[in-house]
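Chain lettering (A, B, C, D and E) follows the sequence in which the chains are written, and residue indices restart at 1 in each chain.
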């Protein structure tokens, strides 16, 4: 009884099968890229990884690849310090911005300010780096030379990740159900009481995910930091000391590196990727928690 | 088909950032003489040039130093001479520094300009990043290892060194004399210091009395032939001496 | 009402004694609504509603979807302030005080007029924090006092036995009916005199709905309750008074108001009759 | 009723203080960013001219314009987008429409995209150099640069597209199925058109990212600032040009400012377009 | 049923002649449901439902929210296939054919069993395209044929006069009631024998709701209709048979099935009686 009067069924099923085949191929390719990247990073760093013990990257005197000193720790610390510093500055400022857009600003001002932040999120890192180089570094130099320093890197990074954190925090806050806020208001809560008691707790996983995302971005940021950080391989003692980050190191030396030097740079690339992967893994977990 | 076209008509040069601007100009003139040939000049440092030539990524490498013993497998062709010297900002009253003073500054024993007769300000030491031949030459001159140097800023190319010193009146750096004269000619407030009592100038490099000088080479992995040979010959010929001089290098005489 | 008096009352303010509230022999208006009109972005949603809500009674608002029942409730505790483009005209007196008078603070008004919404919306916090947050905000920060109020209101809504051993669990882990009772408890914790309820049972399953309905019945007498419901049978079961709204033209209007029996058994307006009998709406 | 329940003055005070702090932060941020933008405009506008856009750079970029740079940038972008879009979108469609959330294959693909999204761009640069430039022998060329960028765009495009597809109301899928439509038909006739604004917005976002990218191109597309003849030529991207001018060219600040201004204006246009698309979608959502 | 036969019938398949369908003297089961259980992620939503739906009749499914009415409908045309984690056991025969038999294709089944949802879901296409898209997909591509079917089904749902001059306008520009009628037309265009309707009127205003209700009445006899409704008065007005579902324990169960009068006037189960009289639910 269940029959189609025209035999379209076969065609229909074939089309679906074909489509799924194509889609699967595409997805396969996408997944492959990841493996390819991992393979090439490991392959290129293999010459040193197989030869040197891991301890060398922690224990060597310093980073002088041409003299066989491969300590990555000063650069790792530079990377972490710049990122943490930038986050410490960014988090309060971004939260304030997001709260301003969602709860404080009148609607026109809110859209205007949000546009500004969106515009900033699109500004390329070289432009921030360029601005830092021509404006910020000379300013700091007058205050406490040489200017190109941890502080400059932190400030430039802050400007770069601030839009990211602000926009994700905004999204998380805007996604807080209207009903929750209406309930809070109906209980006679003041604006800040509502924000602190209800909105922020409800949005916290989203905000945290945004912060982690920004942290990943800060760790991997290259050009802007390269331009303003001074790039001296050392553990900085003050905010005004120059530092070199892992990413900046790669950008600075890869073009000139060969042999073991090049391989060590790939090792630092691997290290960087591992660092960022851990972070984005954390973000993924948070995301899952939020949807659960 | 694009591959073969590229292989026959495209020359890739990589290597020293000191030579790259000069070769870029030479290449432009060469291209205008021989339409159909394209010459891509990529910078990356002398070591890079050697590496790429060996790997076949580049047809010609640019090396701003003499070849080392373990590089005897390559063929080198000098196209110009250059010197490297110390630079400071034009506002800096210091005119000359001894070898020891320079070593003192670069190893962090001397940290203020007034020690060497300058203003009362902290010295900002500008060093080059690992892998640059200018760095090797400089270290060689001071008899230092790179790990002994205590820099405040690390830069990549010559121009970046000049730029850094321009932006910081208390900085000290070292770059190719050619590059500095080129910039100074354009009015950049920058000064070369003399070394060992010899004034840093193109003229002194030509006369081979400047202590920190080097030859600028084009290198190939095989005996050059075809377009590669033509280009190298062109780069060494008197046809480009004006270009070499314009970049404040010293031309070689092949004639 | 001051705090010590409240604590006195709280002792009798539990599942048992509340069962029967005082009788409403001589109804006193707790809320007087006069000529209330309400516009969203210039479009009228309510048109000149005049109505008295009597103290200690349950008043049911009935009518088809979109006739402005929710809007009416929101106007009473000035939640309409939060909606951009919403414009309220007319006069509302809550216990003889004009709610739009400049001296009346929205926050104090809302403390006095509690509200419960259709969808149970506990805050995504622990059960305990759900109750203590509004208390803290209103200056009740002493730990023992907060704890005693928490226990009392949870007992009142019949939730104490179910949750007292997991007060620090997330409120979202409760079932729908429990969540709604928690929301009612939260509103009660502030000791309001008036309780507005916007379809408090409609998002619940029949069982939970029955429990919440029983709870509402038990609150009669102590609180002035205004409840919106689509369930006519429910309105009939629990309300003393009923107000019937209808959209005529573009805006919602009050068609008929009266004692529950009258509205359901002998409505004076034919629209009411049609609606009650399920012919329309 | 005010006597019985006083508004606590500390509560009001606290609200005031918080409000002040928030406004102060916003003011600070706006001021700094307007400072940057003003600097860019002031520094770049004088140097900007029609010639600047239509001439190729001379004298290491101090003179001349950025025509060849713009062409290279465009070509790199084209390669990247044309490669990344088909792969990313088919992946997104598969993930959003055809694979159960908990299937092993879906999980694997999602995971790899997630990891890819976290890879720093300089690492893409390293990979691109090792794989496209050296291993595949493409050298420093627009092609290797574009392909490297394509890898970078993949996760961005895929995740925005997946999110976009998920915003399409399930009711369409249900109704289409209830009418006996194939999933292909539902996809082609209903879901893709409905998701088109988000797809477009995601695409623009990706283009914006690619346009701003520097680190990944450093070792892949190279530095050559001449007009490219073919995709195998090296070509300098605009962002890289700014980097080079500001870092390596004494006296290059003016053209750097002007180039930065051009780049920012381009990105601004793209952002506005993307917002328009996203906004159009919002309106549609309200309509349905 | 072959195509020529269909086109024949279409001529009489308009507003007028349809008014009265054939009488159901000797009810024949169109759908036989046997021991149907349905689980979402392992949690039962329906438990062992056994039921016959009679050909040409309107069967109303009533019961409180969450008792599994929608799930029951989805199981009949295998829309449950689309829900990950949904597991159906038991047997469903549609016109004596097992729908879970490997030879039965979901697409042909769904062509035969049309469905209308609670929320009107016209595709965001033109009115014409809304109707032609499923036709084209099922191999009916000839322009004149598509046009004639379009006109006929639009006449059937009483929409032709309202929209025939703007067939290329977006379907989203129609009012809610018009959209719902368009959705019904879309389902009819594929000439199904069975029509499943999930609260087709509940998202509409009273006026539109009345029109759609009339339309459903007019379809009686020609189609086997299963309709879910929360409006008991409506069920009473239009249905021949009624099935009452209730959640007992965790899963929904069929409590009572019978002719409409019986269910509404002399229910044999006390739960049914309580529900009908509005005491519970």
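Rule of thumb we're sticking to: a residue touches a chain if its C-beta (ideal position, glycine included) is under 8 Å from a C-beta of that chain, and two chains touch if they have at least 3 such contacts.
This is a predicted model, so every value here is computed, not measured.
Peer 1: Going by the contact definition above, tell me which chain pair has the most C-beta pairs touching.
Peer 2: That would be the chain pair A-D.
Peer 1: Any idea what the CA-fit rotation angle from subunit C to subunit E is, to the nearest 5 degrees?
Peer 2: Rotation angle, to the nearest 5: 175 degrees.
Peer 1: How many angstrom lie between the centres of subunit A and subunit D, each centre taken as the mean Cα position?
Peer 2: 14
Peer 1: With chain centres taken as the means of their Cα atoms, state the distance from subunit B to subunit C in Å.
Peer 2: For subunit B versus subunit C, the centre distance works out to 83 Å.
Peer 1: CA centre of subunit C versus CA centre of subunit E: separation in Å?
Peer 2: Subunit C and subunit E have C-alpha centres separated by 38 Å.
Peer 1: Which residues belonging to subunit A are in contact with no fewer than two other chains?
Peer 2: 12-13, 190, 193, 255
Peer 1: Among the residues of subunit C, which ones contact at least 2 other chains?
Peer 2: Those would be 107-109, 111, 137-138.
Peer 1: Going by the touch rule set out above, which residues of subunit D reach two or more other chains?
Peer 2: Within subunit D, residues 11, 182, 185, 247 contact more than one other chain.
Peer 1: Can you list the residues on subunit B that touch subunit D in the complex?
Peer 2: Contact set of subunit B toward subunit D: 2-3, 5-6, 10, 12, 17, 21, 38, 40-43, 55, 57, 156-157, 159-160, 162-163, 166, 183, 186, 188.
Peer 1: Which positions of subunit D touch subunit B when the two form their complex?
Peer 2: 60, 133-134, 139-140, 222-224, 229-234, 247-251
Peer 1: How about subunit D: which of its residues touch subunit E in the complex?
Peer 2: Subunit D residues touching subunit E: 100-102, 169, 171-182, 185, 189-190, 193-194, 284, 287-288.
Peer 1: Of all residues in subunit A, which touch subunit B in the complex?
Peer 2: These residues of subunit A touch subunit B: 61-62, 64-67, 69, 137-138, 141, 145-148, 230-233, 242, 244, 252-253, 255-259, 261.
Peer 1: Would you mind writing out the residues of subunit A in touch with subunit C in their complex?
Peer 2: Subunit A reaches subunit C through residues 107, 177, 179-190, 193, 197-198, 201-202.
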